[in-house]
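For reference, the structure is listed below as structure tokens.
Each chain carries a letter (A, B and C) given by its place in the written order, and its residues are counted from 1.
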Amino acid sequence: MPDLISYLQFVLAPQMLNGLALGVSVILVALGLTIIFGLLDVINMSHGEFYAVGAFGALALSALGFNYWVLIALVPILMIPIGVLTERFLIRRVYDGGDRHVSTLLLTFGLGMIAEDLLKIVFGPNTHRPENPLPGATEVLGVFIPTYRLFLIAIGAVVIVAVALVVYRTRLGAMVRAAAFDRNMAASLGVRVGWVYSGAFAFGVALAGLAGVLLAPIYSVFPTMGHDFILMAFTVVIVGGMGSIWGAVIAGVLLTQIQAISSLVISPVWADPIVFGVMVLVLMFRPQGIFGRIGHA
Amino acid sequence: MHDRLDISMRANHVFFWILVIVALVFAAFASFSGDVFYLRLATEALILGGLALSIDILLGFTGLLSLGQALYFGIGAYVSALVLREEPSFWLAMGAAGVSVLLAGIAGGLIANRVRGVYFALITFGMAQVVAKVVYNSRELGASDGLIGIPVIEIPLGLITLSAGDPLGFFLLTLVIIALLYSVSAYLLGTPFGRIIIALKANEKRVPYLGYSTWAARMAAYVLAAVIAGLAGALYPMLRGFVSPELLFFATSGDALIMVIVGGAGTLAGAIWGAVILTMLKSVIGSWTEHHLIVIGLIFMSAILFMPKGIVGMLKPFVERNLLRNSARQPKPEPERTAL
Amino acid sequence: MTDIMQVEGLCIAFGGLKAVDGVSFTAERNKITTVIGPNGAGKTTLFNLISGALKPSGGRVIIKGKDVTGKGPAALQEAGLARSFQITNLFFEMTVRENLRLAAQRLEPVRQALLPLRRHGRAADKVTALIERFGFAEKAHEIVAALSHGEQRRLEIAMCLASEPQVLMLDEPTQGMSHGDTEDTAQLIRSLTDEVTILLIEHDIGLVMSLSDHVVVMHQGRKLAEGIPAEVRADSAVQAAYFGHG
């Protein structure tokens, strides 16, 4: 019996806490993805690269002497104009060209390639390890957990709740949801749909940037860092219900816990197939995901 | 008068024949100058053309965007490599690869065809990524190094025997095989079965009321595409002597998708043209910068924005007009339009 | 047996609302049976239940003595049923001929699906005949999207006939047509009764009365009345529910 308790305390609990940190990370990346899909019907294949741009942006700015805590606010703000310009001058041009899903997906895929190579040109292909702003570990239930992970879980939760409040509870969010639900109706109600689209895309991109800043101290920074997260983020978005924020949160926590706990029992290599298997099962029995779209309650 | 779809397919053939002629002229030049590098590269381009062809069957005809077609290309390549290491037989390798991708295609199709649209794109993406990761982590399959040391095989072709190590001979053999894959695809798309596939893209909701199961039709197209990708993949280890997990990764699927878009989706020949153009371009760009991604990415985005029909798709109307004029000039067997 | 199709107590509900509630009627061979009713009466839903687009929660559909309830559209096509749509539903990027060719290829055995098109004489003959009969000779190679609305509606009917069905369901075939086109279409429908049994949804009351052999009146998901046009017209309940509101 003491064995069981110490197993729970020293093996399972820390693993679940690590899983939670990963879960929050994935949700942070998935949040922007799901908002952009839910509102614009665009699968943003360059989302992983926007995430990397955020991380590199933080790296560059901190080299210029900016404080890390300032960057958490500054980087997402700097990402907004990038998002607006991308939506206005690139993505908008292919909205109505045939199948919107396909054309925007392909366009953002090309954009991602270019962004990845640009990062390589500017910063080189090497891996950077930014300084940890919260070094050391904190004791939780007799186990030492890196302090930054605890901070990440806390701030991640705050960001997620804040985003959900903005989308679901504010007038701005209502406008955006109206535009997602029925473009023409929203326009006739005086919503400036063009700006709503730009704004929603920029919001998603800013969230990717924020994820980049927050995750850089844990997962290190390199030009293709987006690739590692993007499959998991897509899975979370699908399982949660494309475009649903709460769905993404629940799916993110659930899938990363499945991954964390299963890797205690079997080789971590098989964690990916298991997570993917869950996605397939969800698609088989509930193709719309656990929750529905943002605008389509 | 012929159906537009027939004229369209015949225009594709024109572009494919031009490609064959260009390939033969190139082969003649290369063998005169004793070139090996470019012959090998051109062979690789054709092999990737097979992968692009399979994507075009799905995207350009069935209306399905697969982001993980490299899955079947990679399975074909790995099975072929495994067979060749045990038994250096060309026909055995091709046969085993064909059967494997047929089964893999059915399994993958059962999963992916439960969903439509973006979900289909994402689930094919996910399937390929997961299998790639499993291969990447399987020591039995050489893990991240892949399988190396595939022997150079002798290929008995009835009267003559060809060595996979002979750049010219293997290039010509690859050309023949890709031409076969192209012909089979083009033929099937011209049958009633093919018309149903095309109808799926045009208006999937109407198809059941023609008396056909959309699921079965989609499944058939998916498995066909998987087999084509797999057979093309089976040639890869014969050319390069190794296979690696990169063959399964999204980069491979994505590259092939770019080939289809640049060459022209829905034209079959365009997919192979796209493969040739892109492979050559990469090699040229690669000789002066390591940042070929940015150039390819720019070309790809320009194609989507300014030339969404691709190169062949853009040139095709001229050829179609000529074909129409020719077929109109021919004596009509039946006075179909005397009512005028 | 002159009854070719029986519908018995078909039901379906959407979130508590009974869209179709126990509707029964019989369609007689080579006659025109018309379903009428005010907007929202459940006519198109009834069609969707019969043609396999929706699964009924209760009731039966019997075609030629065979129970086909709950079968999908493809299986119903096999059973000899074809339908057109209220909102034109064609392969818009294909030509008239290609559309008809698609619809006609069911005439050929499935095992020949992998033979070239030119080997399918029966389907080709059917297409040629339909092009002639529906007056598409001039436009056989036009893209459907380029046709006028009236022509597209006519092509819808031709598409349904291509597979030589026994029962033809037409959902507002004259919807949005000019007066002249409506007349022509009515005549066309009348001429079809030699070969098929017709089930019709129609709004134009004049047309219904002149064209139908049998009329089924629906109101709020239920069958209100049925009979020959004159009987239905005289029915006081029908007058109140339907004609009264125009």
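Methods note: a contact is a pair of C-beta atoms (placed from the backbone, for glycine too) under 8 Å apart; a residue touches a chain by one contact, two chains touch by 3 or more.
Owing to the predicted nature of the structure, the values given are computational and were not obtained by experimental measurement.
Colleague: What are the mutual neighbours of chain A and chain B in this structure?
Modeller: Touching chain A as well as chain B, we find no chain at all.
Colleague: If I average the Cα coordinates per chain and compare with the overall Cα mean, which chain comes out closest?
Modeller: B
Colleague: Compare the CA centroid of chain B with every other chain's and tell me the farthest one.
Modeller: Relative to chain B, the chain with the farthest C-alpha centre is C.
Colleague: On a C-alpha centroid basis, what's the spacing between chain A and chain B, in Å?
Modeller: Their C-alpha centroids are separated by 34 Å.
Colleague: Mind checking the centre-to-centre distance between chain A and chain C? Centres are C-alpha means, answer in whole Å.
Modeller: That gives a centre separation of 50 Å.
Colleague: Could you please state the distance in Å, as a whole number, between where the Cα atoms of chain B are centred and where those of chain C are centred?
Modeller: So the centre of chain B lies 42 Å away from the centre of chain C.
Colleague: Two or more other chains touching the same residue: where does that happen in chain A?
Modeller: None at all.
Colleague: Okay, in this complex, where on chain C does chain B touch?
Modeller: Residues 51-52, 72-74, 77-78, 82-83, 89-95, 97-98, 101-103, 105-106, 108, 112-117, 120, 123, 137-138, 140-141, 143, 163 of chain C touch chain B in their complex.
Colleague: Would you pull the chain B residues touching chain C in the complex into a rising list?
Modeller: Per the touch definition, chain B meets chain C at residues 1, 3-6, 187-188, 190-193, 195-196, 198-199, 202-203, 205-206, 208-213, 336-337, 339-340.
Colleague: Provide the residue numbers of chain A that touch chain B in the complex, in ascending order.
Modeller: The touching residues are 37, 43, 90, 93-94, 97-99, 101-103, 105-107, 109-114, 116-118, 120-121, 227, 231, 234-235, 238, 242, 267, 269-270, 272-273, 276, 279-280, 283-284, 287.
Colleague: Going by the contact rule at the top, pick out the chain B residues touching chain A in the complex.
Modeller: So the residues of chain B in touch with chain A come to 59, 63, 65, 111, 114-115, 117-119, 121-123, 125-127, 129-130, 133-134, 137, 250, 254, 257-258, 261, 291, 293-294, 296-298, 300-301, 304-305, 308.
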